[in-house]
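Dropping the structures in below, format is structure tokens.
Across the two complexes that follow, subunit A remains constant while its partner is subunit B and subsequently subunit C.
Moving on, here comes the complex of A and B:
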């Protein structure tokens, strides 16, 4: 779509090679990386974890620790090789011509320094001739230009006093204050809610348009890259597998891996009504208020009512802080009820968590973990053979071989661990499974496999599933019905078809728009 | 903060009760001590009456406390001089010595700790780590003797035993205190550097450090502008503990360098059962320690905006 009017190359990376000697990082190598960035263009680098996309970006920003990595190749900017020049020379460009924003705006800001001096820092370092008052004026201007209001207050605030979205805006203001030619954005929206994410993407577009800043956008999220970037580079295992105009790559991927990545994005297009037979209602929640006891008690969920039928998958969507997890805990009986009723007599329930790393005991074998979930510590009630048989059966349900029983969590990949976590939930033959963001920590291709698995489990076991997710595409793909939560209340509820194609509430529309679902649907 | 002040006052009160009570209970008759074993029963009784020893304990405590608050901790049994006068010119000396060593401790530790972290694993780091181990292992009094011998007798930078009063020559007084202060500070410098080095290295892996580099900061300005403040928080508690501990360290060092502080005086007074003096010194120390803790708390609030406010 974008005309190649920006023909002036400002950065060219030639034959970049990076290798870490210690393999402590998830991304350990980059091979034969070439890239040309033209003035004013936005190029995306996509790939799953371990693809080497962040590593390449950090190398361009001059932020790879010098002694820990072996590097070769050239990074040419301004007729200068940034990869092989002395630190002092590189520093002249860092922050002044090449600026970076990172994934975690909270930890990327100095917690003990006010926002003002952090925003001004590049200016102070590279333009010492600008005096204090002028610097402050420019900082306030920069804060305003990233859409922050009440800039005087923000200027004096500390990072912990701002919201996640505001922090990322501050990071962008700090990066843009010296008007760099290149902005490197390393997963800048991954830690943010969808609506905030959409705002940050819009802001990056605007900066690109008004200041003609070239942007190198690193992301694992293909739909974001599609919205933002004119050109895209696809990486896998440290190598570039495909590169080209974004529209072309999405319409006609040349590399099979690219095609697989694109396929893995859950699509939101009308599905034929499955005509699932409706089972009996097994759980009904009415007028539920829940929260955390204390002085004063914190009431987080307000007046929530919904029901769940046998074999149904109900999606629970909303942004962080909307009360999704609190609601799940209350339904499981982990929090005291403050009001309302939960009617699900004799229901066997189980939970699957987001982080398959943290939720499995690293010291135990998979067999121990699975059987522990079954026996609850009272192993004597079961024979050894039965335990083994049940554990193997649970593994088979999640499509893992019996040999995995001997392994420990550290020996498994992220996707395999999530399968084990699901097996742990399945082993007690539950009627209800509550899955709290079960795929959000996983790469897209793995995510697609787990989604398929969840559907299979519903088919085979008939268990009802309450699926909590912030990703509306995942919910559409898996769920029959969806609840949209905002600030502890359910604002909209209905069949996914109805909610996604004919949303009634403004907030639902906003969420769908932010996730880029509306545009795709109309196309 | 108000709550902290109240709890500090309560602590001080508890200490005073404990101190006064302890000295009232331990055997030994101050009147007898004052008049000597030759005294008659009558003169002893008169002396007890005069010293107010016959009143019940709470009354005696109240009397003592009221006087103490009004700045009169009583009269020394041994010298028959007001304790105030007695301690008046000794307390500032010890205080100066302790504060001087504390300043040295900070001034030496911070740059050294930062440099250690910067040159982690390199020659500088390794040489000074070994040196630090050695210094840590030497007791301060022996370090004092070594310093006296080397700088006083071999190099003749200062005159051992040539103490000058701060009333006569403040500059000369401070100059004389330099080596004793150094002897108190050095072992603690070694410990502080080791701690600071570890904290700086831990902080250096954080994301905001990467951000600082991305703006074109040099390593030194990243370390001083961003890392130091963050790494310093855990060190602060350690330093505060040291400051109170250094008062005890000064007692020995004052002996080695012949400095007329409260150190020697405290020992003499304890042995001589000079209760008013010992009580005054202990109360002084307690107040100092409580004050240091309050100050530390204040420092935390000043450095870290995430602390305080709500409590």
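Moving on, here comes the complex of A and C:
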């Protein structure tokens, strides 16, 4: 736990109001936003999508397009009101005193420009007196200070030659080169794998400690905020609902919404083994190699064996590129087998996708989508009444009212769409449901609801579920057993209790550590 | 139906171009419809007492060199032009959508070959293709429709193919495949409805090109045959009197410009509001 340093406030936001003039945008806005940032402090802003957290941060960075939003209030930095000063004055500060890093390091870097000039950019703009050689020396130094090795090579590289984690380090180097007083980090680790995420968080801590840079950390992930920030601001619907020391907010939330957010984080603590009854094995995969055909074929999954019983939820965890989705596609028969056997004769299987915005046909009504899945497009075999009844029943199973049948996906929220996607998977009464990251695109409170729904469905239908997720907490909460995958191979397998509390493999330990699960487990 | 109205309202609210296009097209249609109901002269009737006359009570917009009523001929000519344009776009859009959707979804060598042929056809101006067709099979309005329709297939095929390739990668298509839905049903019932905005704007712009092409063919004398009226014919017939009686050329010219302006504004409006 850290003490709040009673230093001078370097930034104070007073009564900030933002409202969009363009009414075709969703009604995002910020009301009565106040914030004081002290030198050397790390403050987190958390909230779900549409809470206004990024909007507030963009306003502080002076990055809101002037014509698009109506703004009121003051943002004081150095006795200067950044919100109302002329643009030329604002530019003096942008990148020099206040720097920003964004979520997606690929799109924040110019793909046609080498890394070096991009890192040097703020020096070139704000300190034109520094000569080329010195600029390069500082850029190399900055790249080194964010933990990159072989900095000469990185300096000359193009963004596409670097991994996601390296790109985000480059972004941080570019932001830090002019030694700003404030670093605004807008979801800087959301697009990264957990182990990389942990490294970036450690790096931000290090920068804060050595350079005394104040950091404004915007995130939807409460466990990250808890690891990093001394103080936290909780936002909802454009308003601050709670603010305080991180330890206090987590231990004793004052606002019911904050409590709800904290509750929504799946906990990893000993579960009482309910002795779930499990049926016979319905799927067994042995020595499976799978990948994409072509010249030469790309083999992604190597020698994977596992089995799945009726009514069981099996978790499949691993970082991006580990072959989780490829394995799922192979099991569904979407990819040719390269080796091994999949034994699940006559299995009816269905799939739930990660992104409910892409998996539901936007041009169709929910009723059409559900009945199409039921009939496989051969509608003549069913009466109209029966189709309607079955679709309504499927919606009831996912706790949505019958009135949703007439709606289209665009009229639904993310959580509602994911419920419809689950109903679509359920309507054919499958024996096996493969859910590929079914909750990772959702807000935490919605995530918790969908998790509860998945548990209920297992209880009621007895379907076996293969749940793919990168979030180890979600897996722990839902699954009976877990497979840990790395580079196309299964490195560890077992009951979740055993794997989480007594991991055997170094990689599993690393994943658990990166997700911050170790600390709770010991507590 | 309710949904179509909602769509139109959305376009109207989002795009000033759509509003302008709708107003102009509305005026053009009002002009044509009102003329069909209450014109006092048949379009082919000659009034020997008034040749190349200006505005008058008997002939609202004047007469041509044979004393035919310009207003009546414009109304009937615009009707012919619209009829041909609708037919052309129907053939082009249907043929192009089917071809483009199949090529885009299945890909492979067949797609390559068909698209190269389409590219080659695309390289010729559609009016030239239509000219060849008409000179082979004869002129007249139905021949013009078929000729222009075929010439319009390539542009629709390309547009739809691009859209289908983009949509094909989305999860709902994969999901449909997992439910055992046949590829043809996926193409025409799942994917094509999602290309609506793009297809609609292509249809509106294609409509324009069809109006222009028909006018061009008739102007050259190989489209609609006399004594039937068409805007292109009227322009070509009045061209030699351009200085003595400018009204006979000016009136159909203005109507043609308004028709095309209205449709292209509508098309652009749909395209910009769709994004």
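Just so it is clear, the second predicted complex is superposed on the first by the 515 of 523 C-alpha atoms of A that agree within 3 Å, B and C clash if a C-alpha of one lies under 4 Å from a C-alpha of the other, contacts with A are read in each partner's own complex, and residues count from 1 in each chain.
Note that in this section contacts are C-beta pairs under 8 Å (C-beta built on N, C-alpha and C of every residue); 3 or more make two chains touch, one makes a residue touch a chain.
Because the structure is predicted, anything quoted here is derived from the model rather than measured.
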Superposition on subunit A - do subunit B and subunit C clash or fit: fit
Larger contact residue set on subunit A - subunit B or subunit C: B
Which of subunit B and subunit C A:136 touches, first, second, both or neither: neither
Subunit B versus subunit C as contact partner of A:31, first or second or both or neither: neither
Superposed arrangement, angle subtended at the Cα centre of subunit A by subunit B and subunit C, nearest 10 degrees: 40
Which superposed partner A:102 touches (first subunit B, second subunit C, both, neither): first
Which of subunit B and subunit C A:63 touches, first, second, both or neither: first
Partner chain in contact with A:377 - subunit B first, subunit C second, else both or neither: second
First, second, both or neither for A:359, with subunit B first and subunit C second: second
Subunit B versus subunit C as contact partner of A:332, first or second or both or neither: second
After fitting on chain A: smallest Cα gap, subunit B-subunit C, Å: 12
Contact footprint of subunit C on subunit A as seen in their complex: 24, 332, 334, 349-351, 353, 355, 358-364, 372-373, 376-377, 424, 428
In the complex with subunit A, residue positions of subunit B that touch it: 206-208, 210-218, 221, 226, 229-230, 303-306
Residues of subunit C defined as touching subunit A within the complex: 14, 170-172, 174-182, 185-186, 189-190, 193-194, 196
Interface residues, subunit A side, partner subunit B - complex: 61-63, 87-88, 91-96, 99-100, 102, 104, 107-113, 121-122, 125-126, 158, 160-161, 171, 174
